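First, the structure itself, so that you have it in front of you.
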Amino acid sequence: MNSATHPLTLHDDRLFPAEPTQRAIARRLYAHVAKLPIISPHGHTDPAWFAGNQPFANATQLLLVPDHYVFRMLYSQGISLDALGIARVDGSRNDVDPRQAWRVFAHHFHLFRGTPSSMWLNHVFHDVFGLRVRLDAGTADQYYDHITAALQRPEYLPRSLFERFNIELIATTESPLDPLQHHAAIRASGWGGRVITAYRPDPVIDPEHEQFTAALQAFGEITGEDVHHWDGYLRAHRQRRAFFAQAGATSTDHGHPTAATADLSRADAARLFGKVVSGTFSAQEAECFRAQMLTEMAAMSMDDGLVMQIHPGCFRNHNRTLFERYGRDKGADIPLRTEYVNALKPLLDRFGNAPDFKLILFTLDESSYSRELAPLAGHYPALHLGPAWWFHDAPEGMWRFREWTLSSAGFYNTVGFNDDTRAFLSIPARHDVARRVDCAFLAKLVTEHRLDEDEAAELAVDLAYNLPKRAYKL
Amino acid sequence: MNSATHPLTLHDDRLFPAEPTQRAIARRLYAHVAKLPIISPHGHTDPAWFAGNQPFANATQLLLVPDHYVFRMLYSQGISLDALGIARVDGSRNDVDPRQAWRVFAHHFHLFRGTPSSMWLNHVFHDVFGLRVRLDAGTADQYYDHITAALQRPEYLPRSLFERFNIELIATTESPLDPLQHHAAIRASGWGGRVITAYRPDPVIDPEHEQFTAALQAFGEITGEDVHHWDGYLRAHRQRRAFFAQAGATSTDHGHPTAATADLSRADAARLFGKVVSGTFSAQEAECFRAQMLTEMAAMSMDDGLVMQIHPGCFRNHNRTLFERYGRDKGADIPLRTEYVNALKPLLDRFGNAPDFKLILFTLDESSYSRELAPLAGHYPALHLGPAWWFHDAPEGMWRFREWTLSSAGFYNTVGFNDDTRAFLSIPARHDVARRVDCAFLAKLVTEHRLDEDEAAELAVDLAYNLPKRAYKL
Amino acid sequence: MNSATHPLTLHDDRLFPAEPTQRAIARRLYAHVAKLPIISPHGHTDPAWFAGNQPFANATQLLLVPDHYVFRMLYSQGISLDALGIARVDGSRNDVDPRQAWRVFAHHFHLFRGTPSSMWLNHVFHDVFGLRVRLDAGTADQYYDHITAALQRPEYLPRSLFERFNIELIATTESPLDPLQHHAAIRASGWGGRVITAYRPDPVIDPEHEQFTAALQAFGEITGEDVHHWDGYLRAHRQRRAFFAQAGATSTDHGHPTAATADLSRADAARLFGKVVSGTFSAQEAECFRAQMLTEMAAMSMDDGLVMQIHPGCFRNHNRTLFERYGRDKGADIPLRTEYVNALKPLLDRFGNAPDFKLILFTLDESSYSRELAPLAGHYPALHLGPAWWFHDAPEGMWRFREWTLSSAGFYNTVGFNDDTRAFLSIPARHDVARRVDCAFLAKLVTEHRLDEDEAAELAVDLAYNLPKRAYKL
């Protein structure tokens, strides 16, 4: 808004509490974890980047267009998706110059003040691209040119960034229909970066998914199983899970609208599947089928050892007009109140005490942290708590996660941080935020004499590095 | 309780964090907003005060009897409403000397320790009346005499206080049946104070309102429309909305038990209205009618530009005995769990993307802040978040509002502060609290290096002044 | 984990905020309450300890086996209950050497870092047993020997500890079937310790309790009433309540799955009871019966003056396998979302305004604090808020309780602290934590100039001592 530029800084003490004693402790704790390699056990980067190792196109295509965290905020303030160059489902696209879209973004960058997006983006601008002025209308072109030029240089190729980011391992997420050719190419290439997949079968499990019928058909083709009958369908899952495990997967992931699980008899499950396949099912039957499949997935995890993740409680594509015009994942996913205690009981009755089964739970309903999730995870051997997720992985949300789960679940029933992102360049920023918030939280416990500093230091390393490796069997 | 008096002070640094760096920043930010004019876009002051400009009667009638924030706390500790001089619905009133009622209040003033009521009242005592000792049993008479005498002086007349309070604009709230004669008188008087109205049609929209049948009858009389048929009923709303807009209104307000909206066909809506008018409707039909009317109101806002507010989620008049004896609004309104994501979808499907439609959402269910409201407002162009409301407009509640909405909605999808009060004298105190809490919150972001101080200063002014003007089209 | 020992300290400033001004105020406030006698108006210690005054067996039997707070955390990390010496329902018990179980516990003590269990246990180790090294694998035997030896000394007998702990009064909790012989023995012994009971009739009220039929039978035998008919059943309650009151009880307690209350006609209630007695009732009828009985209990409290407590919202014995193998209360109780506003209305419609009736409400659903419980307690004369309970009585939970209830309920509609524990030795630690957290909270209000320090000092004493005595009529 001002014509003068403002310096862009990334303060060494960012996210640390103001009180000097506490800040000094946070700093010392952070020194133990600042340089640890990144473990990213759950996320949505594109394996094709690491297989092909081609340069990213420009600032807009890299940082704005794919990031619904970012463009949803612009949209909420009246900026059309067309103006940002987001493609429509009919394949059409407003003929937007990417520089022009970047200017719109820069002009409205103040909308992000205080949000995690601004923190992540400024970290990327400062540390990845070496920029030292704030982004605003006056510096838009300078930013666009600088970033776009950098992206053509070898040190900004995906693999170079992967190495520079000190990523020890990254997991992507694929549908059972994915041939995993990019993962194969990465392994065949001889490159040392460890990129694994995760089994995310929602499109072939959710009867209400708009692609279900076609996906089921393809599921039969890729497996050679008779997936329109219950036994063949289950065999197909087992086969693809094994294929994913061979490609490095250590986990599955399930993004259902609720956390409901069921434990039907074989006959009832087969009968329900028949209805699902025939397309003549009620909403309640669809829900019951998804619920049954979570328990089936747990049963398979008992055999093949894949760690199970449930990411429930989101109303996907809430904005009808936008969904029709631009398709899925356009920033219109809205959290729902989510119940766990009754919902998970059928699955836990079967597998909750199994010594080798691991189920990592996530939530978008923070009221469940202290009421349901921490008490469940603080009792069942199978259960672990995933970190603050999606809408809640800002510093405030991470702090609440610790503050609301600590007393019943402790630290050791949690699994460290997930970045869960498709914004590759922001991964170091996100892990850095998580590490800083955990160190600030631990520093508070130390200054209040609830923990000795040596214990806090051990915990800081566990939360940043050891717990994710253990939880995800990495 | 002690016989000695205690000094009453209003510390310059009240509500600012203790840590010196943070406090210094909060102070600097507050300096930018301390003297800004008050924008009060939603509240319940009586326009007759400003039209008639008559003196307030005495301390008890002004500060105690009308304020259910205050007398509910006394009642909760066993003090009868009769003893405070609250009138009964049968018109009877315990013959309570207002001085005697004031003594009861003063004797129990310690019950308010730490509550927003004590903060607001002490601000009024100190700044409006110049008192410098704390209110307690020993100072009750001194207070009563001092305040009651002051109220007879010209500088304590409503218009003088309005000016002294530096109020740029205040909105009152009226029923569609209100002839708005006080607003007309204010305008006709030549006085410069800007007092506008807001359209609050609950009594003619809610079939379960105890005055619905009579109110509907009067609605027909005041508009000359056939309000017992659907088309005429809608025309009557349009007519009164236009009349309110001419009297300065820029907004409507809707206090429904839930946030449910509906989008019935014209024929179904007309049929439902027929049932409502006939008096033979179920609770579910009443709910459906209120839901449909929210969408109708939104449709009218598309035409006349009035900003829409929804204040849902309150169980009104929960205490049956008290309601029968003393009537509505006696401190027995209790918040309810409130769902927004499914409830608002019918309305949002029609108007959520409309560039000129504005819907400001409030809640009494703080668990919805991070889960539903911030994600909704951080996506839909039409949606904005109203501030912490009613039971939650204390410093803790305001802080939670910011902390729980920031990451998904940012600051710019919020609309600044509403005092929402009928306690006229407390308005400067309430806005001052809001400004101080926002400055304290921003100071925390600055000390944690998430925001530069110049950005925080701009935000402080936006939150205190610019955002309410923009959101309410003032 | 390290072979070197670490010093165990109990810092004088523990739980106080880091900021020096605030900490100094917290310290001064705490000085007013640190030495006050302990009022423990609700808990689960065994009266046989104080009647028999026999030594506790050993460290494991005293501190580990009975404490499901502690062993649930070990269980959640894969340690079997057998390895800890927890008995099975079939009477069998793994032949575990208690020293061996203690070693398992010590080896995993890091799991409790940051949890209230570690705080309470370290307080016991340090202050009750004089230990000055941290518990870990290396010090396990030293701990076991030291504690077990101490327990044989006279100053570690139950009555000696009671006196050393400066307990003014402790309430235990008994079923109506309990003959209260231990309480009689305590009174008859001439010992000065005040140990009273509380009436907890769940087993004879909840038709779904696994012991209901047998308990009802025994209820008839102990009272000589025809408890299989409604009138006799109610008379039996009145009789036992009177017997409990004679044994010192001042309260009843009700641990229902929900807060539902009902107000049926006498005929409907009798008919419902008939179904309950016959064993042919639906889940809904069981719920309705429990709901009706809360209102009946309130009616009896109107007569006999017993303070009523409701502890709702827990899914008991959630882990089926564990329940079958080890029985009730094995750390598998999980909180549920709990509604109060509609649930309590039938009871409040009858007794909410009664001047002498007292109902203390608890919750495991923290989202109800600011939304439902504080507004209810800040209005109804009969209602008071019990403190942060069970999963929430950690420092964070206690802080949230204050922060979320203050604005609507103030301090004076709360009732001070309950330890609610069977872990006798931890009682001083638990009350100390509560007093420190309250002093820290008050210190924040003082530094932010919302309260003068003399008011805070008065409040600190009220919260620690006067309010529980008043609320529980002690």
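Points to keep in mind about this one:
Just so it is clear, A, B and C label the chains in written order, and each chain counts residues from 1 on its own.
Just so it is clear, a contact is a pair of C-beta atoms (placed from the backbone, for glycine too) under 8 Å apart; a residue touches a chain by one contact, two chains touch by 3 or more.
From a predicted model like this one, the values you see are computed outputs, not experimental measurements.
If touching chains are joined by edges, the resulting network of the protein chains shown connects every chain directly with every other.
Because chain A and chain B carry the same sequence, their contact can be compared by residue number, and under half of the numbers here are used by both.
On superposing C-alpha atoms, the copy chain B sits rotated by 120° relative to chain C, to the nearest 5.
The distance from the centre of chain A to the centre of chain B, each centre being the mean of the chain's C-alpha atoms, comes to 40 Å. In chain A, the residues touching two or more other chains are 17, 19, 367. Listed in rising order, the residues of chain A touching chain C in the complex are 17, 19, 21-22, 339, 341-342, 345, 348-349, 352-353, 355, 367, 370-372, 374-381, 383, 403-404, 406-413, 444-445, 447-452, 454-455, 458-459. Touching chain B in their complex are the following residues of chain A: 1, 6, 9, 11, 13-19, 72-73, 75-78, 110-116, 118-119, 134, 315, 318-322, 331-337, 364-367, 391-392, 394-397.
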